[in-house]
Amino acid sequence: MSQFASIGLITKPDASQVIDTLRTVHQHLLEQGIQVYLEERNAELVKNAQSLSREQMGQRCDLAIVIGGDGTLLGAARSLAEYDIPIVGINLGNLGFLVDVPASDHLSHLDQILAGAYIEESRFLLQACVKRSEETFCQGLAMNDVVVHIKNVVRMVEFETYINGQFVNRQRADGLIVSTPSGSTAYALSGGGPILHPSLECITLLPICPHTLSSRPIVVAADSLVEICISEMRFESTHVVYDGQEGCDLQPDDRIVIQKSPYPVRLLHPKDYDYYHILREKLNWG
Amino acid sequence: MSQFASIGLITKPDASQVIDTLRTVHQHLLEQGIQVYLEERNAELVKNAQSLSREQMGQRCDLAIVIGGDGTLLGAARSLAEYDIPIVGINLGNLGFLVDVPASDHLSHLDQILAGAYIEESRFLLQACVKRSEETFCQGLAMNDVVVHIKNVVRMVEFETYINGQFVNRQRADGLIVSTPSGSTAYALSGGGPILHPSLECITLLPICPHTLSSRPIVVAADSLVEICISEMRFESTHVVYDGQEGCDLQPDDRIVIQKSPYPVRLLHPKDYDYYHILREKLNWG
Amino acid sequence: MSQFASIGLITKPDASQVIDTLRTVHQHLLEQGIQVYLEERNAELVKNAQSLSREQMGQRCDLAIVIGGDGTLLGAARSLAEYDIPIVGINLGNLGFLVDVPASDHLSHLDQILAGAYIEESRFLLQACVKRSEETFCQGLAMNDVVVHIKNVVRMVEFETYINGQFVNRQRADGLIVSTPSGSTAYALSGGGPILHPSLECITLLPICPHTLSSRPIVVAADSLVEICISEMRFESTHVVYDGQEGCDLQPDDRIVIQKSPYPVRLLHPKDYDYYHILREKLNWG
Amino acid sequence: MSQFASIGLITKPDASQVIDTLRTVHQHLLEQGIQVYLEERNAELVKNAQSLSREQMGQRCDLAIVIGGDGTLLGAARSLAEYDIPIVGINLGNLGFLVDVPASDHLSHLDQILAGAYIEESRFLLQACVKRSEETFCQGLAMNDVVVHIKNVVRMVEFETYINGQFVNRQRADGLIVSTPSGSTAYALSGGGPILHPSLECITLLPICPHTLSSRPIVVAADSLVEICISEMRFESTHVVYDGQEGCDLQPDDRIVIQKSPYPVRLLHPKDYDYYHILREKLNWG
């Protein structure tokens, strides 16, 4: 008997690779008397399927099942964040840090989760916005990272960082990654950042290719107010990006303000979830 | 009027460089009607001074003033940890991360602190011990780090790490640094670790010269139980060291068990304490 | 008596900061009976000055004196490369790796160099071009580095590297720096590359933020044929840039072909030139 | 018909794992009319085998075949260096950077090499010695690296480095690795050094856990005279080690002098030798 009466199914934008899994899961849930909804853009993929917008899912469903990669789950988490709905991710053959229900045998894993046999984990998001003169704009959420980055290798950006109003430093670099623990195994890891256990209430600030050779990643409390002030750049060649997806171009004197979102993500994992096992697999620590 | 009726003065082992400062501070405190104690080993240095053992200081004094470098304060913190006595550090010209009352003008800084104008900060310690067969031995405290390290470059040590009983990985390396946020700007920084803000309840695990190139520092919650199991090494060439001071040699199958000490260190800073300023100074971020 | 009968003076594009130095040097050389030429764009800055194009300088002058920063000298070196003309650089107060005649006291340093008291050093350049289908285009020279880089943090580029026709690896990264020894203390140093002594006939290949954590910089012989084949990228978001100045956008299946230029740069240094001294100064190894 | 009339067989010290391969190779060579010699310590392992000392092998044999790992070949290379004898390595199942004839199918690979179908490669060695007061002692050869290293994590060593008599820097660190290109994929790689193509005439100087955060590996010409002067250390806690094998303890004011050995090693590889393939395999670049 499912703990979840109403479930939304979310897939990656290009749903062609996931149609089979989507149909199987959809049919499997229906057979258990669960109300199942697809996203509107996928409504055509499954006969007689009911569909909802992402926001309606957040309001009406008890669970969201993501079928795809970590990127798809990141998107779902951002859009559902304020609805307090748990999310579980089914991967398509490549184990993810977030989508950890294995493609093989996903129905039996799902059944256990529906029956209440799961591990629930809370992950925080970052909310960011850009302040220009008096205006606030370009707001966004990030589960992994907020990244300030040059758009052109020719130009370096110079910026000052403040934590809770305290001046940290002024740097010239290719950019700065502000990462959650979830993001510590994503882009920040490629940039030389440490791995932060997902349970930590911490944020990493990591300069990319910093001009000052004694620069190091700094880890601060998740409830810190992080401000990045663009002091100098040429030709409006810098942008800010949330989870590698959306963002906007920056101008000198822009201030990017980043803090923990009040809405955490509720991730459900299979009972045998083992974070360090995933680390070993993904990082080739065999 | 001093908030502290009774104060212990602690210096570095080789007190010859600090005699002048020691005498000045001693005299200055006496003049304010404070009871002042030197360590027994320093009793001779100041005429008619009263002296106590480190432990007696912990029991009887309201404040410990350390005159020296960060290493001297680390030692004081370990030995006074269980007595809940606040500590303030006067440096001898070189700004330290911990001894931050400047050599120049230390008396006026001290007066402010004695008058209650200070910032109090709590730093946690690690307690570690080695388990061999059924026995526990080689216990110790560390404010900065517990380091497992080869004693001879010819030999690599192979060990397994467990967090809260969960297997993390098996590594061949020159060693492993288990560091507090205080230690993140000490040895761990030379080894490539991130800077952790001192307020964080986190521990960094940092392999030294790891054989597996995808190894990265891992940051976990400070209340984690960290276990390092020596799986293989040659010729008993590995040791464990606490704060770079004491420790013992290890044998294969030894298990080093590390957790947060229940006794935090209470550090007092001048009112204008600015952690990021110290970072910028010490790391040449000018 | 000057060894150089005819000298060209080259400044940074914004010559306003260098006018005084330019006039002083110009006058000083004239007084020694030397034929002195400014660049055409600077002809107005000095009364009755003779001017030449950069190319004419290469053909007619015996020496080029650069007044500015390392970037200005890089540009001069590229444009004069094929003319076998020695170059000396006067900095404007900030010691450079290339412009090492100090601003203070530059006339007496110059006099020594004119009298033949100098150290001559040869630095090689890279020549690069992009091959698209059958066509070759976007050719360029680089004294420091040829950089393939994403233009947008959202996109990673995937590319294959070949050395002398041998497959090295396939990488996903933010980019790749192909650097000369001269460039090893420039952008490549920020990206984590090693310092290569300027005398070495070597090239460093350095991935930027590589997805594969065991990626490392690779140093190969300077006479290697380096090919970078863009295998995958989204939205034409990658470009190639020579010395951080010029370049072009790339497309999938583009092949960037890089090899040592046949025309070396002849750098003249004062007699007391000390490469390691410059390293210590610039990298804060005090 | 073998190009090599007389061949020496060299194994790892603990020959028990290689007996089968040793006997097979020995018999196979005898059958081709080749004179085959074992090392004296292995003479008992093969019936009626002829044996020679390592030095006699160098004098009398036309080829040395090493059966074991890279460490065994390093040892053979050092001891045979001055005899100008080519070396080929058969691994025992784990591909090595140096022992690259695969365990499986080694006889057919050997036959091709004996018939002249091989790639010959020259690798240089380092020769090092310690100068104390007027005396020279503790001389040694290294194919991979000369390492100065603390023997106790408690102590850091402080040393000055000179290249061709020029002062490079003064560092506090856990040690310094002076590595050949061969060694660049060994200990130096774990320490954060670049990969140097084996054909390069270069040496890497790599500090281990340096106190100065802007320290970087430096690559210099192989014909440089490298001197490391121990300026300060406590309790004679530092040693120098050649290829991780032999060496000696150091004292303050000791000077370690390192330069390229006049005797290169001649390595033979199978015709399909592909350095980058080995890199990809060993570093998990799949």
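When the chains are written out, they are named A, B, C and D in that same order, and each has its own residue count from 1.
The rule is simple: a contact is a pair of C-beta atoms (placed from the backbone, for glycine too) under 8 Å apart; a residue touches a chain by one contact, two chains touch by 3 or more.
This structure is a prediction, so every number in the text was calculated from the model and none was measured.
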{"item": "Chains contacting each of subunit A and subunit B, listed by label", "value": "C, D"}
{"item": "Chain at maximum distance from subunit D, centres defined as averaged CA atoms", "value": "A"}
{"item": "Whole-Å gap separating subunit A and subunit C, where each centre is the average of the chain's CA atoms", "value": "41"}
{"item": "Length of the line joining the C-alpha centres of subunit A and subunit D, rounded to whole Å", "value": "47"}
{"item": "Per-residue multi-chain contacts in subunit C, two or more chains", "value": "189, 212-214, 216, 283-284"}
{"item": "Residue ranges of subunit B in contact with subunit A within the complex", "value": "163, 166-169, 189, 193-197, 199-200, 202, 204, 212, 214-221, 274-276, 279-280, 283-285"}
{"item": "Residues of subunit C touching subunit A in the complex", "value": "147, 149, 151-154, 173-175, 187, 189-192, 208-211, 213-214, 239, 241, 244-245, 283-284"}
{"item": "Parts of subunit D lying in touch with subunit A, wherever the complex brings them together", "value": "212-214, 216, 284"}
